[in-house]
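Below is one structure; the comments refer to it alone.
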Amino acid sequence: MKIGFVGLGSMGSAMAPHLVAAGKPLSVHNRTKAKADKLVADGAVFAETPGDAARGEVVITMLSDDAAVEETVFGKDGILEALPKGSTHISMSTISVALSERLAAAHAEAGQEFVSAPVFGRPDAAAAGKLFIVAAGPAEVLDLCQSIFETLGQRTFFFGEEPAKANLVKLSGNFLIASTIESLAEAFALVGKAGIDPHAYLELLTETLFSAPVYKTYGGLIADERYTPPGFTAKLGHKDVGLALDAAEDLQVPMGMASLISERFLTLMAAGAGDLDWSALGKLAKRDAGDDKPLSDG
Amino acid sequence: MKIGFVGLGSMGSAMAPHLVAAGKPLSVHNRTKAKADKLVADGAVFAETPGDAARGEVVITMLSDDAAVEETVFGKDGILEALPKGSTHISMSTISVALSERLAAAHAEAGQEFVSAPVFGRPDAAAAGKLFIVAAGPAEVLDLCQSIFETLGQRTFFFGEEPAKANLVKLSGNFLIASTIESLAEAFALVGKAGIDPHAYLELLTETLFSAPVYKTYGGLIADERYTPPGFTAKLGHKDVGLALDAAEDLQVPMGMASLISERFLTLMAAGAGDLDWSALGKLAKRDAGDDKPLSDG
Amino acid sequence: MKIGFVGLGSMGSAMAPHLVAAGKPLSVHNRTKAKADKLVADGAVFAETPGDAARGEVVITMLSDDAAVEETVFGKDGILEALPKGSTHISMSTISVALSERLAAAHAEAGQEFVSAPVFGRPDAAAAGKLFIVAAGPAEVLDLCQSIFETLGQRTFFFGEEPAKANLVKLSGNFLIASTIESLAEAFALVGKAGIDPHAYLELLTETLFSAPVYKTYGGLIADERYTPPGFTAKLGHKDVGLALDAAEDLQVPMGMASLISERFLTLMAAGAGDLDWSALGKLAKRDAGDDKPLSDG
Amino acid sequence: MKIGFVGLGSMGSAMAPHLVAAGKPLSVHNRTKAKADKLVADGAVFAETPGDAARGEVVITMLSDDAAVEETVFGKDGILEALPKGSTHISMSTISVALSERLAAAHAEAGQEFVSAPVFGRPDAAAAGKLFIVAAGPAEVLDLCQSIFETLGQRTFFFGEEPAKANLVKLSGNFLIASTIESLAEAFALVGKAGIDPHAYLELLTETLFSAPVYKTYGGLIADERYTPPGFTAKLGHKDVGLALDAAEDLQVPMGMASLISERFLTLMAAGAGDLDWSALGKLAKRDAGDDKPLSDG
């Protein structure tokens, strides 16, 4: 199976090597060619355009946002015009439900297959092949993709035949993470202002009811007030909660907590703190409780 | 060490037997005497008043709310007038920070000791001796209480010398649980309206980033739409988030998410659904997304 | 001055007659031709396409939303391709800031002039020539438009040279109206549940600090629980507050109250009540306070 | 009719002179005696205690909050023990619904009459005898109070026999004002960041749909960024919205907007800006939109 891989950002560059290591013939494309050097040295072929990467059985896209995916698929020398009939585009980026539906329609019209397979996991999980993959698409196509999913992730969860469902699940997951962060932000601001040691407090939480990775990771960042370098920025958090809200609006599902969180991220961005880790909601809660450190500091 | 135990509600009646089983001489009091029968059969002595239960070295209170604790401590035949100088009142109820401070002051003035030790865990955890205990009070008094804590809980977390700190930590914990519930409520309403199977969704969450008990318990109740019988009612959730907000107001810590959740619980109560499990926030989110089942049904 | 007028909905059909009455040579276009019959009988000429209406010095558009304006301007036989160089497009619809900026750029590139002049006022105010007009555009072009504004409105407020500023002002105004409605909704739910007569309460408000039309109109509708026929629907309220939020997001201005209101409108829509008057927020507040009448009733 | 007047703060000291001028025999009490000097010079008698001021047919209280009223009525040498059977206590302070109910019950038990008559209007309106009075109490007692109301205010609105209803109406009115302020705060932050002149914007609002005093007053303060000296502080706004929320909680009426506003005031207070005018919500909205001036500046 010839595979193309488009997008060698922090996630893609951690994922693609697993495909090479698994012995799959890989063609890779990235806007900045240098990012492909290591992969090419290891046996991949560089494709000059997204279209060139899409001439095999499968092309995977792992890009930063809707705009990048749109350009890569619908643009000149893009995937849509190059992908052979019957071949499959696996979109692993976190994109909007609406774009996913548009991609499904466009590929169907072109006689191509389309699968959505966004992931949970930070770059270190990608590098370890430990991503969780959320996949949706036609059953027989998913079967074909199975070996790819097994190469890239530790487990795949399937959500039926409509690709956009996987995107909705992914976006709702990021909303849940953001909710956890905001709730921790408020709780730490509260107990912190009362003089309670944040690390003792975090230990209580994570060794009792809140023993999940999401509490350990973000509770730790807030307790340490360590908002830089970002694992995932406030700006991206704002974008993803916004995409969840867009989907909720289309489905007519009021989400008051999501709205509130969206405004909190926007407040960080307005203060010049959009590039901090999204756990910087903890800093914002502390600021609103009277702390006078500027938000834009790391 | 002679111990008194006041309050044999669903929590207290699951906790007190551990003290009897551990061979501690126990005097118990409850407004409804019949609830003490089993304990008395097992060797405890019934005390006719809270004061009568408080004539030993330690008296434990495990009551439903501030009003019950106030009546029990400050009322006629109450603990304050009966507890010997140097003896200790361990308050394990979930009460307000303000009442905890008032108790600390009153006991200090009476030459008595006071420790706050609220717990995390439902009645089944209490019955299994698996509670998590959050304790604060004078160090040497906490030392004396240690064997009691070990009898009742699986682990105790200490938060310093001021009893009210333990109450603040407990209330903040209940706020975090309520936040998790509301975020799950919104997420399930969203994916559910899109036609995604709630149990498949829950499995994804709890086997990846959200593997903590709090997600399993409340995600399960929401996925099953099983809001009765309540483990902890919406009404009590409203009360506890309200106590967290009261403390936040005194400390001048804005908590937008807590405010939002408080209004959600109040909406359930106004609809006659205050006695459902607090996870019925899931039902409210679904109703607001267009579901027309009345909230007050179980 | 030859004028074209595109859009004979409830607002446009109340505005255009004033231009005919003022003796301006008027060419009108509407998708449903019949709506132009009366105007044609009074001396206007029917234009088969938006483009045909745009061959004079000025073309006015008064349409329902962004999509309609986009189609009318950028579509086949649209305004952009027909409007002579140097002629002016006056957009009076309530549209997004982003579309207004796009229109300004497109018209500039085509050598055409563009003015934004959205209005405040319901159809009855339009019929009476009593609209308030919010205008922005190049100063010398606004001068030329002055006689049109005077024909259609009772007063025009100018907001400088950038057309999109007028749209932002208009959207912010609709947000302020929606805020007033939601605040009244909550206040009436509160005093109403306490048994206070809503009309006595309304009289107090409007004869003291809240003597503005906005309180009289919406307070009256809420006190009467008269949500149909709609003057302006909840769905349109949701759209306009959404456009204000979109602009706020681009400008990085957090608007917590706007977000909250947006969710309230969405709740109405999800319940099938999106076509009620936007003052039906009053009904929603009452429902959330325990009233069990279905929202979708008029 | 012998009248007592307790409380010569900024409101009371502007009201009491009208009673003297109207020729009523007036006995006045204030904690700081000096504030009564002018009134005594004009013919009033100084009462050493609240009780001493309460030995006539009517005693009026005009105090800052619940605590002051409680102390004055229930405390040593207070009104409750001194007021003759059949005489009337008119409470004109902005107090909680709960305290009003408690006062009604206590006076009834003592064979005394009780009327609630809180006011709308700032000190300048009080000085001009232009207050709006919101009154509730037994009909025949209100009749007796009529001449007092006419002396102090320009118009009285009656809300039935239960005194606490007047307090609820007053609190809901302050909530409506606070809502207006927050909506203006967000709107000005939005248009201001877009570069629109705030005074031009204010003119548009107040000369069209928003012509009420509440928009002129608070819109003016926000446009001018003139938050000191305060006419009514953020701290007091927080208190009154909090009392409205307390009443709403008792009545089980969710008020999302009120909750949001309460958190905004608390954010001002946490930043040391609680003593600015409550229109400083405008400053907070601007700060959250990226303005970096400290909130605590005037």
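Note that the chains are named A, B, C and D in the order they appear, and that numbering of residues resets to 1 at the start of each chain.
Following the convention adopted for this analysis, a residue touches a chain if its C-beta (ideal position, glycine included) is under 8 Å from a C-beta of that chain, and two chains touch if they have at least 3 such contacts.
Every value quoted in this text rests on a predicted model; they were computed, and no experiment measured them.
Shared contact partners of subunit C and subunit D are A, B. Taking the CA centroid of subunit D as reference, the farthest chain centroid is that of A. Counting every residue number used by either copy at the subunit B-subunit C contact, over half are found in both chains.
In whole angstrom, the spacing between the mean C-alpha positions of subunit A and subunit C is 38.
Remark: subunit A and subunit D have CA centroids separated by 52 Å (rounded to whole angstrom). With centres set at the average Cα position, the gap from subunit A to subunit B is 38 Å. Annotation for subunit B: residues touching 2 or more other chains are 248, 252-256, 260, 264, 267, 270, 288-290. The touching residues of subunit D, counted against subunit B in their complex, run 242, 248-249, 252-256, 259-260, 262-264, 266-267, 269-270.
Every residue of subunit A that touches subunit D in the complex is listed here, in rising order: 256, 267, 270-272, 288-290, 292, 294. For subunit C in complex with subunit D, the residues that touch the partner chain are 120, 132, 134, 155, 157, 159-160, 165, 168-169, 172-173, 175-177, 179-180, 182-184, 186-187, 189-191, 193-196, 200-201, 203-205, 207-215, 244, 247-248, 251-258, 260, 264, 285, 288-290.
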